[in-house]
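In structure tokens below, several structures.
What follows is a pair of complexes built around chain A, which joins chain B in one and chain C in the other.
Now for the complex of A and B:
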């Protein structure tokens, strides 16, 4: 038994002049990269298998038993006491010639390439190349603007054939849509059939050059104008680590962040849509009042102090734990209700995506128990069910927190409209929404702007009960206040600690 | 306060007045009696600046009459006044691929430094010789691509041809 559970031995080896400790038998290049050494590489990706085709990460071993020529470090393993260098004349000239080869047929259309600014060809040319081309022959031209399905555009000319995307479709999604056809100069990435998997946009992220670009992000913004906000996806209960690229003109794309505990290096295509409402034209900039179908600006404090009682609040499942705790502290248990989004798709698609779209359901249940000392009973509290809806019949004014990401869920969209429609006519409906584009808006009497998930700090719990953090980025709605802030405003204006429930009595 | 006490004590104020107005007086006399003058009767007579004068921007065009600009945003990146706003979009022709749908310059913000023309890789933006920039409303000075490329003063609205053509650009041995 002890043989099977044999622990990995940590050994020491030398990269240039730096001593590195790593597991024996682990990848040599990864060990160096993990210790902050910058090594040029195109084809190696820690989430994929090793192919060793780009020949950029060459090292030369020093010592008596060393092989006589440089070898690629991505295809070598760590062993005790070896000494490798990648700054010897042999290696540097090999890397420079390899880079020159990569650029032989590259069209150099950086001016119109979306990758410019984060392109490995540009970076390594400045670092290792900086030569004048010695080619006299014409470049081989390939097909430029190819729509290969899903959200991906292919430019075969810019490709350096690192085969990362081919390995991704073969190993991660196992759908095998991409392949390299032909030989030599004429070899090119080809979509054997249009991309059809739900993780297709990951090939855009792993492409080290501008061969694969995103249709959604195409030509929208140059990357050097963008800043990354490191946050978490709220699209489903998985809670992948993501970064949102944004600037003061808006948010432009979502990409995955490395997180071995949750999502590895990938994220689903559905999650890449979550940035769209952050800076949409429909974002609420100030409180609005429904004047028989026409929404006009109003003052929130004015009507919040004169609301008819009794009141109730219907919370979404996308708020942070901190917000739930503050809300439950202000409101008695019998006035809190929830709107749970219906499940969509298969329960788990064996990679990342889950059918439960209520991202913070666990955090909600936790803070509910903490506040009221009572387990949350969904059958009586979930307003998407008939039982809970009847309890709202006697309510005179009702706060409704509109679920975030509503437009992305086809089922939920119609359900939510029906739910708003089914609320009693005489009840004053105040929607706490981030934009005015949700369906059923005409049933609401007031709209109050609230921040989106990328405009507040907070925590939520994913399906594994791991705490995930949300970070505050650029705010696109200046007057937006969080849900507990609005509720505290009622308490303040009615001058009563439990103003939400008993002020009118 | 007297700047030069000695001068005043020895010569009185007349010498000081003469010294102060010496250059003005010389120019006055020269203008009165000589034919070539240093000043112009401005609106009627106009000064011819050199071709390198940095005035109102010109967006150049291709042979087919469309904008040369590929909307690479290098001018907007390089602009110290941040007065260039470009919206890019897909072009139907795959050899062009990217073209601007809107190219705006806020002329009141522009400092006419010419960094945009220096940054441009395809000779799409130049600073022309027009310098008479005055107007009434602020909104008139946010100019778009129709004004920048096809205004009356540029070959009767036909525009100025760029030195870089797409065909030649692809032929370049880089």
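Now for the complex of A and C:
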């Protein structure tokens, strides 16, 4: 195969006054965008086919063999030595007038539009438009509030018919729910059937205007009050690059980041839920003690020093590699157990989503081997299996790290509660949790707050053993301590380096 | 033999139209029908392509691009899957020449397509016919059945290593399906929307295969050119616009209809000699090439010669050869409104300038007195002119230009009348 494959030839071309090197035959507009040149465009998206309908990315070619008229750069390719300009009078006036056409029937309801602040119509108007409107005629009206299924709302009036969403459902999910009905200025996006694919919310991201908005996010926060935390999704073993929009009032949404190694431009709808527990009302703010079903604040240092022995710890599969290494350093192998989330859905949905929800399973196995020089044997270490459960029967106190994202996994919810229920009644159960909303909470004696994946720096390994990075963003639980920190606390209070183990005697 | 049953080869396209029942294959064969095709099978495809190129035949659909040169862009690989597509959509308002041609003499088109298919090496052909042409589609289907029976279509035609299948496909009534890539989209079963070029259909067309799209009239001229040669074809017309052309004349003349005359015939002759002059009132204006051609004033119309270059020198275009004659009783503003209504309705809605511009122009042209902001007639006309100008050259296909050109043409040719019209809106 390799000898058939044409070698990539890098050529030089000129965009305005800037020389750019790019692969011969690659997309001209993409080459410019990749080199940081700002080119107005609506319909072009690097992850979709070219439709060439918005007519904003026009360029004029300079030179003898140049075509007589400006052409859209999204439908042109890079070739050696060509020189294109988009700052000529011809092109700038064309872009301005095309922008005016885009806005002729646009309702200009920015004040109540969720897209305001990140809307390409607003941005390009400031940059290329800035004219006085000549439109005093009656605008074409279309239906404004349309629930088109999943998490997506459609405002047909705001739509500029770039067809990105139509191409997305046709080319990426291949579910073909969206189409453009009618012709001329009566053309509008129509859901032939409600959106049914698991990637529907991507159409909200790729919509350059406020036509498609997210039911989950709309009206919750103005985008200029938000900052993006660039991190990684821990929803399954794929590990997509994402950004979480947040501020001190909370986290508001998750969107994909471009990452050609893993997720391209997209992410699944399930992954978009992972922000919800970060700033939920149920977040644990301090240690709690179960007082006959009523949880009351307590001091962690006190009860941690008087725990009955022997002890064990049941770890989740969502901690970082750094945390696992620190934990394994503190605790002997025979006292470490794990809780694996059950698989959900098809093994791989052929796009991004995988059934294995234990995001850092590989990182965990790696750290385990590194610490104990022993391959992790799940049949004896996975607490949801009988072999491991038996060993826990003699344990007097048990740390349980509640899996992150538990509320998102339908199967896991009951499974985890059953697991907690199956632990010996007399065993003291200390849950290291993010919130107090998980099912089975009443089986626990203590709750200790831990940071979420967006409140700590760290690494994990996805299914392809690619190292993925977690970044620390805004902290919503001030007293939360990491799992190794709590364990170190026991070491300190018992004054023994392997205190977890030796204190049992 | 009755001379009425003999073809009159002083005409290229209407050579057989006077023969009764020439739509029947036997009658057509008796009148030397399919002889050009038989002759062409003894010629090499390259020779035919050269002959068509030498004839200077220009695409009769409206753009006037030389057919021979277009054929030159086509894949030379005879084995590769390729299509020949006949554009019989004839959607330009005012045009009805292809209908007349097909209805009376369907075999001429089939023969033209056969010769072209032999020259181009296409294995399949489609005649995409306007949906409203139901009877013409039936006539064509019957003619195709006859041609199959006689062995002109199908496998190993006339014993040669040449196979060609031909189908009729009826459109569903969209102007834009007359644009070749819009037609291909429609034929593929998609919404009739033009495709982004490049790639051009000659490289990647119907279902992704090389496709040659030619107008009915272009293809129907091929048999004559093969029979009598390119040099004789050039006896008619001008250097740059050789040959004859069908004109469909409508409007305020005594005898409207389809005529075949050499290119370069003065419009005055067409109106006065062929059409018997004006009906009642004197001439006011002529739209020379279908509704998208800018309007000519009476003065210009009496001077212009009907060939591609001369019409263009008056700022208009020959287009499809649809001559719409208007007399003094006609309101130019009404013409403008109807024209804009049409293009607004027919814009496919893909490209922003056309989608929004066609509708906006119609609204401006129909502004009511309540619209006060741009109230002076000059301002309204300036705005209309500016919007039209901004639409041109910015879109995938030429529909935007087809709407903009007549608008600008009217504003330029009849400024006083338009000023009065917009002035009246104010009061």
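Rule of thumb we're sticking to: the second predicted complex is superposed on the first by the 499 of 505 C-alpha atoms of A that agree within 3 Å, B and C clash if a C-alpha of one lies under 4 Å from a C-alpha of the other, contacts with A are read in each partner's own complex, and residues count from 1 in each chain.
Heads up, the rule we're going with is that a contact is a pair of C-beta atoms (placed from the backbone, for glycine too) under 8 Å apart; a residue touches a chain by one contact, two chains touch by 3 or more.
Everything numeric in this text was worked out from a predicted model, so none of it was measured.
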item	value
Clash-or-fit label for the pair chain B, chain C on chain A	fit
Dominant contact partner of chain A by residue count, chain C or chain B	C
Partner chain in contact with A:94 - chain B first, chain C second, else both or neither	second
Touched partner set for A:135, first chain B, second chain C, both or neither	both
Which superposed partner A:37 touches (first chain B, second chain C, both, neither)	neither
Arrangement angle, chain B at one end, chain C at the other, chain A at the vertex (C-alpha, nearest 10°)	90
Chain B versus chain C as contact partner of A:144, first or second or both or neither	first
Which of chain B and chain C A:489 touches, first, second, both or neither	neither
Contacts of A:105 with chain B and chain C, given as first, second, both or neither	second
Which superposed partner A:223 touches (first chain B, second chain C, both, neither)	neither
Partner chain(s) touched by A:437 [first = chain B, second = chain C, both, neither]	neither
Three-chain overlay, closest Cα atoms of chain B and chain C, distance in Å	9
Set of chain A residues, in rising order, touched by both chain B and chain C	135
Parts of chain C lying in touch with chain A, wherever the complex brings them together	174, 191, 196, 198, 344-353, 355-360, 363-364, 367, 371-374, 383, 390-391, 393-396
Contact set on chain B toward chain A in their complex	70-74, 77, 88-90, 94-95, 97-98, 121-122, 170, 173-174
Chain B-facing residues of chain A, complex	107-112, 116, 133, 135, 143-145, 218-220, 222, 224-225
Touch list for chain A against partner chain C, complex	50-55, 58, 69-70, 75, 93-94, 97-98, 100-102, 104-105, 134-138, 140, 160-161, 163, 180, 182-187
